[in-house]
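Here subunit A shows up in two complexes: once beside subunit B, once beside subunit C.
== the complex of A and B ==
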């Protein structure tokens, strides 16, 4: 590096700045025409950059200087949040995206690494959310504890579901998860203690004597209370990211890959296939459950309709779109899949139709996703080569 | 040969109405190279699958190094010291050469979460040590391939894949190596080189490694095996030196073909 600013960083930093700028404009624009024009402009920029070879240079920056790029991404998101500090809606959207990123990182461990398709992602997300809601409403536990409790509940229920899944193979184990997703929502709808179809409100959240669901007044400045949740969601997503990255770049990630690609061969080389599947499934659900718990506290409200089978499909589509097993791809895909329908009211009604078409197009023309997963590198920054 | 390393007695394996292995007895001594021959469908690959625990036997017993391993699951059998290659190469194509070889090193990889996620320095040390070992092993087969260890296996020709597969099996330092038709998909010369390399590595490991090889290339069998067993319809019809086996009228009728 010679103490000077490494030029290899530039394409990556430019990509981050442009990406965040795109997010800022997308969240600011109101009229459908300007949103449409922004999307067209964004697509054109990506297309031209990829033709000019700039995209692959950006990818190289991310590959060789990952810690710097991750830090720059966090910084850029913080700037973005500061820009929107007084507006509820953009912060709520950004926080939701980050929580979806965390859930999808969980799916990445399950599906991308160990090869277990989970069509109940939203159910485990919802399980975390309901756990948090029940704890806040009915117990005197410190409210902050509902976050790990949500993760724990999802992990534990997941480890019950894993038994029928291990007895089946491939598509059949995916069917087990579909059944669970539908069962979960139906159970919530008929359970009156949990509020039935109406769901329940969570009020008066207190963390260390301080109420995060009230707006913050500093002098004449009135900051949105979502700012706190944005920071919490960002921290959670960052932890999940580091967790997934280190997992991938370790013997655990290698073992999960081996199990995904060829179970029989893996078993013949001493891998305990069941053990790695249980490990992957449990940790993936813990991530989804924690994200769900934070979501419940943020919106102050849980209802069965927020955690449907359709929502699980969206999570799976995000992983497919981003590139199965690619932790950076998940972020890009989550932002697109969550924000576009919110901003383009024209497509909101047809959201699921469009998702379905999108998934089919990906599987047909780019099965490796927007950002294909690169070969494993155990040590960052090219050390050990 | 003082006592046998692998002792298979009366092993039977059925698939529905088909008896793929029928009361098979077979012994392999430490450091011995045994050729397993027989027509297609005679139960050779099933025999490997039964030994490695992929299909447990319906009857009979398998002892390895004096321990009963009958009915053990594949990971336990691998830990006991038996490694194999597959008839149709079963590498992880989207992973790198290094990843594929290290998958065979499960016995020595530290698998705890704390070590893998939080002790990254110590992980890096272990990684460098095993990587160097994999490069060394691969270099005995193919020095140019050892320099391409970070590349994906997909797109590599069959001869390279076979070498990688054999390294994956050898890096765990097994006591018994099962080779399932290593010449499949390769030319005569390539097969010859591969066999020479295997014998060379075996010499370096002290000659203690026993090998069972399934092969249709009689030249390979004649050159490298100490002893041969012939299967037909799941039964052993003959056993002895290649010369004796090849001269046996039953074998000629079943396999080599008669006028």
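== the complex of A and C ==
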């Protein structure tokens, strides 16, 4: 923090401004040609920037001034939301991206830090969503409570899975989560109390006597009701981000890294492998569950087809694309993976196929992800590298 | 419950068990030679069923209406095509990732499975809808009192058992099988004994995928319907069977196949009010078994050396 302060910040801030500008244009453009041209332009800018070494300078400023960058990102997203305050669709999309980011941060803690693969991310997301739906529909609890309840339900059911997860290793524990993901969706499809394959609608949400699912009118200004959900999703994602970042920097994160890299060695050094696995798994599931609960309240219905094994695979792909364990990379990857198929109708139908091929190519040619996780730094400001 | 219904359940369970065992044998073979899990296996079986279906359509168009020739054509083309596909997958997706963490292989094959599923859904003519698989086997049935044995089921059962027996003989009685077992036991020693490692790996993947394609065609013939999503369930069930039996052990795979099918059937019989929950029951049982016996009923023999 000396004379070079603003200079070091510049590339990072420029990246945020450009990124948000890109998002704004992407959400505004309607015709397929303009969306395509925008994507080509964005790819060209990224390519030229990486050739000119600007990308690594932006990465450095994110690395060294992270609180400033995080604040700037939140501010930029708020400006974006204010710009779209009257439109439903862009706000819905942005909120969905933020909720996906939250779930993927959970997966990052499980997969990227503690090395526990979870192929049931969408199932825990759906668990939170269904918990919220059931609470709103069948009980008289305050509706706001359904958010923590969703996280709690996911955490508790996750702790049932933790027993087989701890006893198994590698592929075997991956299969436990795959079996759970399929079990969950099959169960929802055949259970009539939960609405079967059609799912259920959630109506008439009331928070402190106020109905967040109605548009907000302030004088002549009519704001989309999704604005409230956007703010809630942003708050959730920001809290999750701060927690994950602190966790990563702390001795807990260090323990998790050790557990991931070599369980036997970690145990030899006196680390309680089981404890850190339980912490990572439960924390990740709670995040996914809370994101799911908010998602259910936002879209107003839940159905098994939103929480399939394929969706779990998409979540894992986002984590992988972002660079396993890189929390900033997760945001970029989530935004691209969620928004592109929505805006480019040409690829909407083919999105699962495209993602699958993309992930296969990345695994073959760049297995550390598009934005690899940087090395752990022990002191702020670049020392200790 | 009367004997007739019970025997129906029994026949159905045995048929399911055979299909799962055939798929599980593939998982076991792949795990044996390369220590990898190829999760696209179920989808390869599904593509095999579609290849058989396409062959049937082609033979019909070519004016061949003899069911025996059609049957042979369907099985041969499907098995051969999937054997080639399996070898290609091994060559270009699995072998290049040998140095990477095991989970990368799991992930790449999961994605390959998705890609295969989606490709069939999008590019096979009208692939998004279920297809009626032709009834190529004789339709008669034998009556033993209340017990009815459909001729096509009997033929399928016999054929499935024959395939498993053939794989068993191939692995245990031939030179190729000896090479496969050698590679599975110790890659370096096998290489130094003059075994062509890459060739054996490709052959093993071809063999496993061919057997999987047979299971896919069997599935089509038994249910008279195929759809693009059937591979996922077939793959997960077959994999569960392989896991339950203990990966890397061909008898374990067969045992696991019948055990898993038995669980599903018992689930359907014991809870007739909740027969819709039979898959939930089966997957719950898999999770439970893995919690109790983490490496399957017949565990892998080697222990980790630090």
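We adopt the following convention: the second predicted complex is superposed on the first by the 372 of 385 C-alpha atoms of A that agree within 3 Å, B and C clash if a C-alpha of one lies under 4 Å from a C-alpha of the other, contacts with A are read in each partner's own complex, and residues count from 1 in each chain.
Here is the rule we use: contacts are C-beta pairs under 8 Å (C-beta built on N, C-alpha and C of every residue); 3 or more make two chains touch, one makes a residue touch a chain.
Everything quoted here is computed from the prediction, not taken from an experiment.
By the touch criterion defined above, A:364 lies against subunit C but remains apart from subunit B after alignment on the C-alpha atoms of chain A.
When both complexes are overlaid on chain A, the residue A:243 reaches subunit B alone and has no touch with subunit C. When the shared chain is aligned, no partner comes close enough to touch A:300: not subunit B, not subunit C. In the superposed model, A:264 makes contact with both subunit B and subunit C.
Look at A:36: by the touch rule set out above, it reaches neither subunit B nor subunit C. Contacts of A:251 after superposition: subunit B is touched, whereas subunit C is not reached.
When subunit A is checked against subunit B and against subunit C, the one touching more of its residues turns out to be C.
When the two structures are aligned on the shared chain, A:148 is found in touch with neither subunit B nor subunit C.
Of the residues of subunit A, those at positions 264 touch subunit B in one of the two structures and subunit C in the other. The part of subunit C that touches subunit A in the complex is made up of residues 37, 93, 96-97, 100, 102-104, 106-108, 110-112, 114-115, 117-119, 122, 232-233, 236, 239-240, 243, 276-277, 279-280, 283-284, 286-288, 290-291, 294-295, 304, 306. Contact residues on subunit A toward subunit C in their complex (touch as defined above): 117, 119, 161, 163-164, 167-172, 174-176, 178-180, 182-183, 186-187, 190, 264, 309-310, 313, 316-317, 320, 349-350, 352-353, 355-357, 359-360, 363-364, 367.
Looking at the complex, you find that subunit B touches subunit A at residues 52-54, 73-75, 78-79, 83-84, 86, 90, 92-96, 99, 102-104, 106-107, 109-111, 113, 116-117, 120, 123-124, 127-128, 131, 150, 152, 168, 172.
Interface residues of subunit A facing subunit B in the complex, by the touch rule stated above, are 243, 246-247, 250-252, 254-255, 257-258, 261-262, 264-272, 375-376, 378-379, 383-385.
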